[in-house]
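By letter and in written order, the chains are A, B, C, D, E and F; residue numbering begins at 1 in each of them.
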Amino acid sequence: MSKLSAPTRDKLRTVSTATLTTCLFKRGLRNQFLQAVHPLNPQAAPMVGEAYTLRYIPAREDLNPITVFQDRNHPQRKAVEECPPGAVLVIDSRQDARAASAGGILVTRLMTRGVAGIVTDGGFRDSPEIATLAIPAYHRRPSAPTNLTHHQAIDINVPIGCAGVPVFPGDIVVGDAEGVVVVPAHLADEIAAEAAEMTVFEDFVTEQVRQGRSILGLYPATDEQTRSDFTAWRKAKGR
Amino acid sequence: MSKLSAPTRDKLRTVSTATLTTCLFKRGLRNQFLQAVHPLNPQAAPMVGEAYTLRYIPAREDLNPITVFQDRNHPQRKAVEECPPGAVLVIDSRQDARAASAGGILVTRLMTRGVAGIVTDGGFRDSPEIATLAIPAYHRRPSAPTNLTHHQAIDINVPIGCAGVPVFPGDIVVGDAEGVVVVPAHLADEIAAEAAEMTVFEDFVTEQVRQGRSILGLYPATDEQTRSDFTAWRKAKGR
Amino acid sequence: MSKLSAPTRDKLRTVSTATLTTCLFKRGLRNQFLQAVHPLNPQAAPMVGEAYTLRYIPAREDLNPITVFQDRNHPQRKAVEECPPGAVLVIDSRQDARAASAGGILVTRLMTRGVAGIVTDGGFRDSPEIATLAIPAYHRRPSAPTNLTHHQAIDINVPIGCAGVPVFPGDIVVGDAEGVVVVPAHLADEIAAEAAEMTVFEDFVTEQVRQGRSILGLYPATDEQTRSDFTAWRKAKGR
Amino acid sequence: MSKLSAPTRDKLRTVSTATLTTCLFKRGLRNQFLQAVHPLNPQAAPMVGEAYTLRYIPAREDLNPITVFQDRNHPQRKAVEECPPGAVLVIDSRQDARAASAGGILVTRLMTRGVAGIVTDGGFRDSPEIATLAIPAYHRRPSAPTNLTHHQAIDINVPIGCAGVPVFPGDIVVGDAEGVVVVPAHLADEIAAEAAEMTVFEDFVTEQVRQGRSILGLYPATDEQTRSDFTAWRKAKGR
Amino acid sequence: MSKLSAPTRDKLRTVSTATLTTCLFKRGLRNQFLQAVHPLNPQAAPMVGEAYTLRYIPAREDLNPITVFQDRNHPQRKAVEECPPGAVLVIDSRQDARAASAGGILVTRLMTRGVAGIVTDGGFRDSPEIATLAIPAYHRRPSAPTNLTHHQAIDINVPIGCAGVPVFPGDIVVGDAEGVVVVPAHLADEIAAEAAEMTVFEDFVTEQVRQGRSILGLYPATDEQTRSDFTAWRKAKGR
Amino acid sequence: MSKLSAPTRDKLRTVSTATLTTCLFKRGLRNQFLQAVHPLNPQAAPMVGEAYTLRYIPAREDLNPITVFQDRNHPQRKAVEECPPGAVLVIDSRQDARAASAGGILVTRLMTRGVAGIVTDGGFRDSPEIATLAIPAYHRRPSAPTNLTHHQAIDINVPIGCAGVPVFPGDIVVGDAEGVVVVPAHLADEIAAEAAEMTVFEDFVTEQVRQGRSILGLYPATDEQTRSDFTAWRKAKGR
């Protein structure tokens, strides 16, 4: 169902969001990392999946009594039931964490449905409980007030902004213990490949630096010696 | 074409956004005034019209070269040509004024098309020129950088947030020298009537206060004397 | 001494701040959760107690030399000695965390005096030490500078704002690992009861969802089946 | 009634807030200028008077229906009627301009009562009207929503913070076209005298600089020549 | 003395900062407009000159008594005396407007010395006086407190950040009634030429739009008709 | 090489940043604690060393392609190789955490070179990895995007601002689990001595308070009894 290929998904699970932003920077994309959004449970990462989006607008009081959730077609509830397994639910909460984007029960439902993760640029309620779940979840800060206090879910799977980043449905959303990066769908395969290669090199560099080697000529590999050492290291490590 | 009746439009032109927020507050609507948005040309107000909305998301660099405006269907350009005369174009710029929501030429085009006003929670470029136009325009602060630097127009006439306020297409948008308030469409007639009545009373109160009368018992009119004085004043003034 | 009844206190210890905000929302109270304030020691929660308040204003340099603490009647020190056991000391620091609201020694004193918790919308100094104490403490962020750098304690047990929330002396302050909510005193009993009931239902829902059940019809319980299942579950669980 | 002497009041009317902050800085007071607060009507300044304070806390919805203003003892209305002529009403709005601190009718009443000015660290409604009144008024930005939307007046004439500055009842509040500075009551006479002298010197310096003189040795007057020129200039000007 | 050629300076005086940001955007420079900085006296613009920079760091109290200005080599005073005629003094105030970047006397001195303008990302004191001077001045907001309260001048003519923009000594700084844009020195000639051409076209477009023409096909000029009309218009206007 | 004496370094390792700010406050230094900066790995503290600084300005796109790091003299790389062992690298990132100040490899290199710590008022990338290293690191929040996205390293070892604090090369930078304080170089010895003494007293006070003693008369030690108890306690403890 997902257009994200299994090999690309696997590669993206092994690379960091930092490495991915470098690959994106090289292609002129400077603004794909979600600002000020962090994982509730760093252990649950990595997260990889296609973006399935949910858009909130500010709540108008008369349209958002507690009874709206009785409607099975309420977009928030619908999104939770329809977000595809393997996808990541990304919510545009207008960077407003004064009320919750979602809570423990909905996130649990996403987890049991096989959804790959959930991201908001607002906050989650029941955050201590969510922090224990086996689904990666990212937000700005805990926010107990019920969603309807400040948010009205209005649209499903349209292009949104999240934490200052453009997110198109189907973009590849990758999260680790540092945060979340959005990889445009058409670049996913090539960036996954490039990032996986970079990761091998950075592992080599890290090992060298831990052994006391200077970064000059090593990182980036401007010395011929670095390149030959790396070739030998790869061979030795079988990577 | 507009569902906004002529008498309601006329009444809304004579009342202040302050008075309207009081009417909305009485109905439990506490969040209809656009925060931190002000008129470029206070003389151009009052502004009254139905909301016609435009939604921006953050710009992705590869999707937003300068050439995108060659597309006649680019949502920003389309909105400028299709926003109905008498309506107000309201732009969701995610409260981001780092790049322009629109500039002098587009605002001039809206003016010549008979559009009633333009509002963004970002900023306009060519703001000194816009400040001289005979169309009310409201923004956060001047912003010279071209729209594409940080914005991508994505949707026309969907519900949006603007400056923290929910705006549904067709809501009545009213602006004066103080700022902009959004009146839900279904309340427009009754709120216009109530606000017009309140304005008469407030004009009476202001006159009394200027003459040295205390506000106690006068505002609100808890004294019987106030009520009879007001009745006499209305009669005398023919209001 | 406390007007907070023991059964209500006990119930409030078993419910989350998230559930309480829902109960408050149903009564039209949308702004009772402290924004951007978090526990230093999530393990120490839950916190329940009546609010005892302390108000700070910005420090004027000539009035706040280090010697002011030699005065036994300095409001900060007085508050620490007089805050009743079982109460929560809530400090209005004007959301300014540039200097400490209090430090490790004062918080330790509150703990030994049996105070139920301490909350500021500024920051604590000695925060690593406070994080190890058996008293719930909530703040915005660690702040080493001595209190007098930016704060002057001015009033004890007057109504204050804390993190954007109105706090009246005697209001019930409840904290968990998510944050802090303020329950108006006159609503404490009924909200505690309602929240306790809601918690039973949410525990049922969570269990169902973990077993793979959809939230539609379940949460909220719009399906008759949900209601009968819940009745059976309660019976089985003895809750 | 005022403890502010007529000569000091007169001197303070002739000096700028900039000059006053320098005098305060020399005495170790670095934080007496209200941040981000500006005059609605720069022409109405200068403002000089003793501080009479009003304190707001965040509004709790159930305590703040529109009907509260029917109470003649509502602190906001009471403050407007009781602030002494010649004093300045200073409002602690917690730097929250989302709802009005006061509006046109109340400010008009203050003006007719002979109050010297009004200051808030929030916003005024009816700001276009207030901008035409002959009473200095200072705020952060226009704010149409009625006061009760976010504020509850709670205390009169207690020490407050306003725009980050400590304000004690009786402090001398001075405003010009630049902004507002708070002079501690006990320093008013000496600072007024010093600032008046500084102003004479700065007028001399400005004249010299306009004529092309370098600031080196002139400002500050480290050259002996500057001091003798100034003496001559004062004599010639009769200042 | 200036490397800015007279023809380029003249062209830059006739184009808007908005047009310049478009030229910069086409070259991949998206961040050259100073954010949230505005002219004190919009009538004084346009401003064109080479950047001469001054860098502030936060003030340490013991290093910044009022007496430091007695030192003729104090970097702030030195910068005011040494900034070349025709240059623009650009101050990095770390976007901190709590204390003044400079005041009326220094700005007057710059004016009499023939300096082309002054820009800070903080605030000026004596702002009402500066607003009357015949030198363009740009800041964030008025700020009465003396410079030393929060700033220490530390460096002259080094690369700085100002309002989020990189400024290298010698870059061309252009200001109009909208704000300030920084043109890298090596691009000044080509961008001035391109912007002047664009301005001619935009004047044509504006005239057409005022006469009722649609922007589609006109702006940008995707219709052949537009291009031939423009050619004819230029000829007729002699531009 | 370091001018920081071994005894002073040792003392500073045993005192808290909170205690140090009190010592600084007593000398009129109110602004030496880095605001909103926290340790990535609280276990790695304490950090003590002389400041070695690195200054960033906003990145201009054309000057900051990924290839700039091939230059061995790039200031960021140079700083990492040249920061003296035992010193603390302090980076002025203009409080901008949208892109990384540095990443895991560079921080590892600093660690292996014996550098005492690294501080930025922006963010680090590879923050999960840095959190595991045996070198104290302090930042605002995790930030994956590569440094060049928003920063250009421009200067080494000049006076800077970091998180609102003036930092001169050679100042003593102390970090604990609470945050970072900057002690002016010339005060380091006397403040270390005073803070060490204060720490002994505070340890005594804490013990007393834990045993149930009131803070009145104890803290500060205004009771004679406190002073004699403390003398006895010191003797007993051998401190």
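One rule holds in what follows: contacts are C-beta pairs under 8 Å (C-beta built on N, C-alpha and C of every residue); 3 or more make two chains touch, one makes a residue touch a chain.
Quick caveat, the model's predicted, so the values are computed rather than measured.
Contact with subunit D and subunit E alike is made by B.
Steps from subunit A to subunit E, taking the shortest chain of touch contacts, total 2.
The minimum number of touch steps linking subunit E to subunit F comes to 1. The pair from B-E, E-F or A-B that reproduces the interface of D-E, where over half of the contact pairs by residue number are the same, turns out to be B-E.
Ranked by separation of Cα centres from subunit D, the top chain is A. Under half of the residue numbers at the subunit B-subunit D interface are used by both copies of the sequence. Separating the CA-averaged centres of subunit A and subunit D is a span of 50 Å.
Rounded to whole angstrom, the centroid-to-centroid distance between subunit C and subunit D, based on C-alpha atoms, equals 37 Å. Touching of two or more other chains is recorded for residues 28, 30 of subunit A.
By the document's touch criterion, interfaces exist between A-B, A-C, A-F, B-D, B-E, C-D, C-F, D-E, E-F.
Within the complex, the subunit A residues that touch subunit B are 27-32, 57-63, 94, 152, 154-155, 158-161, 164-167, 184.
Taken together, the subunit A residues at the contact with subunit C in this complex read 66, 69-70, 72, 77, 80-81, 97-98, 100, 103-106, 108-109, 112, 125-128, 141-146, 148-149. Taken together, the subunit B residues at the contact with subunit D in this complex read 16-18, 20-22, 25-26, 30, 33, 35-36, 38, 42, 176-179, 181, 202, 205-206, 209-212, 214-217, 219-220, 222.
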